[in-house]
Amino acid sequence: MTGSAQAIPQATSRRGLDWDVMWERYGISAVLVVVWAIAALTLPNFASRDNLLNVLRQSSFVGVAAVGMTVAIIAGTFDLSVGSTLGLAAWVAVAVAARWGVLAAMLAGVATGTVVGSINGLLVSRVRIPAFITTLGMLFIVRGFHYVITNGDSARFNGKSFIWLGNGTIAGLPVPFWIFLLCAALAAAVLAYTSFGRYVYAVGSNSEAALVAGVPLRRITALVFVVIGAFTGLAGVLIGARLYSAAPGLEPGFELNVIATVVLGGTRLAGGRGSMLGTVAAASLFVTLTNILNLAHADPFMQKVAVGLVLLVALSIEGIRQRLAERLARS
Amino acid sequence: MTFGTTESKRLSMSRVLRSAQSYTVGLAVLAVGLVLTLLTNRFLRIDNVLNVLTNASVVAIVGLGMTLAIASGNFDLSVGSTAAFAGCVSMSLVPALGVPLAIVAGLVAGALVGLVNGLIMTELRVPAFITTLGMMSVVRGLALIYTGGRDIYLYGQTEYKVLSGGHLLGIPMPVLLALALAALLSSVLAQTRFGRHILAVGSNLPSARRSGVRTSQVLWGIFAIVGAAAALSGMIISAQVLTANGRLATGLELNAIAVVVVGGTALTGGKASLSGTLLGAVLVAMINNGLNLLNVPIFYQDLTVGLLLLVALALQVERGWNPLTQLRRTQ
Amino acid sequence: MRSARSYAVLSVVLVALVLLSACSPAAPAPAAPAAPAATQAPAAPAATVAPAATQAPAAPAKGAGAKKIGFSVYDMQYGFFQDMEKGTREAAKAAGYDYALVDQKSSESTMVASTQDLINQGIGALIISPFKPDAMGPVVDAAKAKGIPVVVDDIGGGGTNYDVIVISDNQKGGVLAADQMDKLIKGKSGASKNVASITCEPSAVYAARRNQGFEARMKELGYNVVATLSGNSKQEEGYKVMKDILSAHPDVAGVFSCNDPMAVGAAQAIADSGKSGSKDIFVIGFNADEIALKAIKAGQMVATVQQVPYQMGKMTVDLATKLMNGEKLKFDNDQNREIYVPVNLITADNVDTLLK
Amino acid sequence: MSAPGSAQPLLRLRGLSRRFPGVQALDNVDFDVLPGEVHALVGENGAGKSTLINILAGVLQPSHGTVEMDGHPIVLPTPLAAQNAGISVIFQEFNLLPHLSVAENVFLNREPVRGLRIDWPTLYSRTREVLALLDIDLDPRTPVNNLPVAQQQLVEITKALSFKSRLIVMDEPTAALSEREVERLLGLVRSLANSGAGVLYVSHRLAEVFQVADRISVLRDGHHILTAPTGELTEQQVISAMVGRELVHTQCPERYPGEMVMQVRDLAVPGAASGVSFDLRAGEVLGLAGLMGCGSTEVMQALFGLQPRSAGEVTLQGKALVIDGPRAAIHSGLGFVPNDRKRNGILPDLSVMHNVTIGILDRMRQAAWIDRTQERAVIDGYRGKLSIRYSNPSQRVSGLSGGNQQKVILARALAEDCRVLLLSEPTRGVDVGAKAEIYTMIDRLVEAGMAVLLQSSELPEVLRLANRCIVFAGGRPQGELSGAHLNQAAVMELATGLGAKEVA
C-alpha cells in the first residue's frame, strides 16, 4: 500500500533523523497552534469560549477512536470496521442507558467494541485473513447486523447524567475531551512503558524479526484489534451521549476520518513509528478546520476540498523535506 | 533441482488470465447461481442474467483498473469521486461537443485525476493510501462545485445512452466494454513492457528502480488507467440514468476493492488476476440481484458481501504451520 | 528534470485552488453554460400553498443592528435542500437579516457540531432541517439555553423542544400517490394488481413514512405490494433496483419512489427495458425536484408528490421573525407545534405551472 | 594472470566526495580501474564502499569530484545513464523481481519488443546465450521465486553480464554462494577481465580478493588509504589498512567440552532436511557446514521453532523440548542469531536498547511497567562485553553499522541468558574488524561454558570457530569431523562428493 512512499534512499532516511523525529512528534501540534492563533486573530467568534469548547468536544469522538487506531497503525495494521462498530456501540449504549444507567451504558458500549475487535483479532491472527480484508468485511457485516436488529430505527434517551457524559463540562472543559485526553495519556504510557507497547512497536517495525526475537506475534496482533475495538466502543458511547440518540449508519466514512487523523498526527502508515500527541493534535486540527470554514461561511462543497488538501499538504511536507535534503547533499 | 517445461506457459497471457484462484471464484459463481436458480425461477431468465452482468460490469470496469493498482502494491480510494467527476464533466460537455467527444473528455478528466494521484505519490512521496484518500474528498468536492451541486440531465439526448443501452448481438454495452477492457489490460500486462513493469514495481519497487525501470512513470500510467476506468463506469452510470451529479457513485471504491480481492488478486502486489476480478464482480452482482429478486431488505446485502469477503480470503489462506511464511500473508 | 516535475505537481494543486476560489457560491457554477436547465432553481410557488403563517409580511427584527438568521441544512448535495436553502436565504435577506448557513452533510454528529457553530455565532433564530430529528436534542437545548427560538423545517421534530415545525405530510403524500396510481391502473386494461415501492436509505425513518402511506393505501385498495426495496436515495441505485424488480415481477403495474432521483432512475430502467414509465408502468416520485418535473414533461414518469422546499424556506423565516418578536403562533397541530404544508400531486397536466 | 593493460584507465575517480546530512561518506577519493583488470575494493562497512558503488550505479550523486570513463568526465543521474555509460553493478542485496521470469529479470527494462508487444522468442534466446556464456543451465522462463538463493545470485550475475558492460562492479558477489560456486564465479570474473572488461570487485573475503584481483584499493572512513598490485601486499597489510590496527588468529583455539547440554535425534524438516542427530556439550562449538541449500539453515530454524518439524526429538539438559515457536524456544534456554539480519534480525525503528531487551521484557517488570533502570543496566552491560559502538542507547538501531547491529542481536540472544546459542551465519555482511571481535566474543562465551551450534556457509568461519563439524549435503548429514580431520579438504569432500550424488 505504501509502496510508492519508499522512494527514500537509505542514506537520507538514516541520517536526517532529528528532523524526522521533531516533525513526527511536534509538527502537527505546532501547526495546530499556528492555525488557532491565526483563526483567533481573523475570525471574531473563533476565540469565544463556547466555540472552543465545541471544537474540543467534537474532536473527542474521532479522537478516542483514533487513540486505538494509532496503536493499530503503529503495529503495522489498521481497522476499517470502526465506523460500523461505532454505530453499533453507540446504539447499545443509548439502549442500555435508558434501562440501567450511565455506567452500564459505558460498559456495554465498550464491551460491544471489544467483541467486534476480538472477532477481527481472531480472524487476522488465527484464520490469517489480511487485516485490510478482515476489517473491510466486518465493516459490511457489523453495519448489516446493526440494521437487521434495529430495522434502521434509532434508540433515544436523554437522561440527565447520560447526556452530561456527552455534553457536560468538568473544570471548564468538555467531559468527552477529558475522557479523550485520559485515553490518549493512558495509551501513550502503555506504548512507552509496558511490554505490550514495546511489542506493538516491534511488530510494526519488522514483524518477522519481532517473531524471531520472541514477541508473541499472534497474541499481540489479536490484542491490537481488541484495543482499537474497545476505544471505538468508548467513542460510540460518547457520541451516543452527545446526540441523546443513536441509529445505524451513524457517521458515514468514520473509518477513513480516523485513519486520516492518525496519519496526519505523524504516525507512519507502514508501522513502527508514531506518537499519541500527534493524534490528539490532528484530531483537533480536523475539527478546527471545519469549524473555521463554518465560521467563515465557506461553501459546503469547498469544505470537502479543503479537508482533502490539508491531508495531502501535511503528508507532503516530509517528502518535500527529503527532496530538499537530497538536493542540498548534491550541491 | 530441475526446471521442467511446465514453467514454460507461466508467462503467456494464460498466466494472467487463468490463475488458480479464478477457478475457485468461477466455482463460487456457479454454486451461487445454482442456489439462486433453485430459490427463484426468475433468476435464470435471460433478461435477468444480462441485468446481473450489466451491474457486474459497472463495478468490474473500475475493478479492472484497481487490479493494476493492487498488482503494483497500491490502492486507489478516489475512484468513486473520480467516476462522479468524469460523469459530470462528460455530460455537461455533450451539448457543446457532442457525445463522442464528450465521452473522450470524460475519459481524459478521469485519467488526469489519476495522473495527479500518481504525481503526488512519486513527487511528494505521499503513500498511495493517503494520496487517494485525500483526493477522494478533493475530487468529490470539485465535482459538486463544478455542477453547483445540481443535476445535469439530457432527456431526449438518447445518443449518450449508447454507453449503457447499446447492444451487440444482444449483449449490453457495459458488458462489452468490461470484456474489452479486460482483454486489453490482460494483454498489456502479459505482453507489453509497461505491463511487465507494473508487476515489477509491485514485486519489488527498489529493485525495479535500481534496474532502471522508470518506476515513477509506471505509477503515473497505472493511476491514469485506474482514473480512466473509473471515468468509464462513471459515464456508464450517468448514461443509465441520463443524469450526472456530484453524488454519483459514492462508496464505489470499497466495492471495487472488494471484487478485486474476492477475485483473488493478492494485496501483496506482483500478481494480477483480471479474470478473477471479472468473476468477483459477477459473484457480488449475482448475490445483490438475488436478494432483490427475493425482496430481501437491502441491509442483508451488506451482511452477505462482508461474509463473502471473509470466506473468499479464508479459502485463499494456505494451511500448514509455518510462522515465517504466514507472516508475509497477514502483515 | 525531477524538480521540473515537482513544479508540475505544485501548479496542479494551485490550479485546483484557483478553481475553488472561482467556484465560491457567489460565482456561477461553471456547469451553467453546458447544462442550462440544470442550474435554474424551480421558480414560482405552487398556487396551492398559502398557510396563514406566510401571509404576514416579514417584519424586520426590532432593535438596533440586523439580527442574524442561522440555517442548518440537511445536505446541500440534494436539489430539494438547495431550493429550501434558496428560499430561506432570499427571505432572510429580504427581511433585512444577516444570514449564516451550515451543512450537516448527511451526518448527525456533523449536524450537532456545525449547528453548534451556528449558535455560537450569536444568531437571533435557528432554522434547522435536521438529518436526524432524533439527534436534534443537544442542538435545541443549546439554542434554548441562549434563548434562541428554533424553527424546524420539514423532516421531523424528533420529540425535541423546538418552537415550531413546518412539515409536509409524508404519510399523506404517500396516500396521494397511491390514489393516483390506483386511478391510472384502473384506467389501463389488462394491468396487474402488482405494485412496487422503492424506499430511501434504511436510516431515513421519516421519509420511510411516504412508502408506508403508499403501501398501506394500496393494500386497502386491493393491490399487492410485491417489492419493497431500498435505493439508498441514489439515482443509480433506483435504476438498479428497478431493473431487479422488472426481472422479478415483469408484470408490475406501478412503482412509487421515496424521492425523485430514485424515481427518475427507475423510469430510466423501465425505458431501457423498452417500456414507458408513463404508459406501461406508472412511476410516481416525491419532492417535485426539477429532474422529475422534466421527466414528467418528457413522458418518462407520470407524477410526483410536490413538496415546496422554496416556500417552506420562506415560511420558516417568517415564523422565526414572529418568534423573535414574541408573537403567538397558530399551529395546525398544537400538541406537536406543527404547521402542515399541504403536499399535492404534480402530473403532466399541471407540471407546466412549475416549469418556466 | 594477464598483467593490467598499461592503456589509459577505463574508469578514473577524481576527488570523489559525498556528504549526507551529518556525515562525510566519501572524502576526496581517487583511484582508477584499467581495462582488463580485476580491481578489488576493500574496506570495513561504513568505509564508503556502498556509497561509491551507488554513485557508479547512478543511484546517488557525488557532492564533489568527477567520474571519468576513457578520460572523459561523465555524469550518472540515473541507473539508466550508468548502464548506457557501460557500467553495470551487481548489488549485494538481491535486485531480482520474484514474480518475473529469469529472462525478464536479466533483460528488465531492455526487453526486445516487436511493435508494442514483448518479443518473447528473442528474449528467451538472448537469455539462453548469456546463460550459456556462464554455462548455467536454467530455463529462462522460470519465475525467479522458484529458484534457490544461489541460483538467484547467478541470475544477478547473468544480468550484469548481459549488458556487455565495459566496467562491471560486483558488491559482495559471493556472499550467498557455496565454495564450489565461488570458484566458478572467480574463474568467470577472470575471464571477463581477460576479455578486456574492467572489474571492480568489492568483497570482505580477502582470500577471494587475493586469488582474483590484479590490484587492491582500500577505503577507510571515506578516505582512500592505498592502492597497490596484489603481489606487493599481504593479507595482514590489507587488514591493518582496513581497520587501522593489527589482527591475528585464524584457527580454532583449544575447546574443553563439558557436560551434555543438548541432544537431537532424527530431526526432520519437511522438504529441507532429515535424519539429523547430534549431541552438544557445554564449552564446545559444533559446526553445521555445507553448500547453500544443503538444509543446515532449515535445521537451525527448526530447532528454534521457525520451521515445522515432521519428526525427531530434542532434549535440553535432559528435559524433552516442545518447541512450537521462538518464544517457547527462548524460554527453554535457546538463543538464536538469525541468518538474515535485515529481514528477521533487527527492529529498525526501535532503539539499540529496546532491540536488546525485547526478548526479556517479562523479566524486568514492576507491576505492569517495564523497569527502565534495570533495562538501562542490561544494555550498559553488553555495551562493554560486546564492545557495541553507539552514541546513546536510545539511538535507532538502523543507524548502526552492520557489525554493530549484529552485535546487538547477539546481545539480545545472550540477554535471554540461554544455555545453547544457535548462530546462523553470524558474520554475514560484517566487516573484518567486527568479524574478528565477534569471533573472540564467541571464544569467551564458550570458555565460560556456553554451548554453541554454528551454521555457516563460510568454511573459514567454521574452521575458525568449531571444534566439531557435521557436514550436510542434500538435506542429510554426511558425516562428522573433528580434531585433525576437521579441515577444508575433508569438509569439501563430504559437502560436494556425496552432495553431488544426493542431488543427481
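Labels for the chains are A, B, C and D, by order of writing; each one numbers its residues from 1.
As a convention for this text, a residue touches a chain if its C-beta (ideal position, glycine included) is under 8 Å from a C-beta of that chain, and two chains touch if they have at least 3 such contacts.
Just so it is clear, the model here is predicted, and its values are computed rather than measured.
Under the touch definition stated at the top, chain A and chain C share these contacting partners: B. Summed over C-beta pairs in contact, the chain pair with the top total is A-B. Rounded to a whole number, the gap between the C-alpha centres of chain A and chain B is 29 angstrom. Centre-to-centre spacing of chain C and chain D amounts to 70 Å, using the average Cα coordinate of each chain.
In whole angstrom, the spacing between the mean C-alpha positions of chain B and chain C is 33. Separating the CA-averaged centres of chain A and chain D is a span of 42 Å. For chain B, the set of residues touching two or more other chains reads 120, 122-124, 138, 142, 144-145, 149, 202, 209, 246, 297, 299, 323-324. Each of the following residues of chain C touches two or more other chains: 2, 6, 16, 20, 23, 76, 202.
Contact of a single residue of chain D with at least two other chains is seen at positions 59, 306, 325-326, 344. The set of touching chain pairs reads A-B, A-C, A-D, B-C, B-D, using the touch definition from the header. Residue ranges of chain A in contact with chain C, taken from their complex: 45, 48, 50-51, 54, 57-58, 61, 147, 151-154, 156, 158, 163, 166-167, 239, 242-245, 247-252, 287, 290-291, 294-295, 297-303, 305, 309, 312, 320, 323, 327.
Those residues of chain A whose C-beta lies close enough to touch chain B in the complex are 1-8, 76-77, 123-125, 127-134, 136-148, 152, 203, 207-208, 211, 217, 221, 248, 256, 259-260, 263, 269-270, 299, 301-309, 311-312, 315-316, 318-320, 322-323.
In the complex of the two chains, the chain B residues touching chain D come out as 1, 3-5, 7-8, 10-11, 187, 191-193, 196-197, 199-200, 202-204, 207-214, 270-271, 320-324.
Across the complex, chain C meets chain B through its residues 2, 5-6, 8-9, 12, 16, 19-20, 23, 28-39, 76-79, 82, 202, 226-230, 232, 234-236, 238-241, 243-248, 261, 264-265, 268-269, 272-273, 289-291, 294-295, 298, 300. Touching chain A in their complex are the following residues of chain C: 2-3, 6, 13, 16-17, 20, 23-25, 76, 100-103, 105-110, 112-114, 116-122, 132, 134-135, 137-138, 141, 158-159, 201-205, 208.
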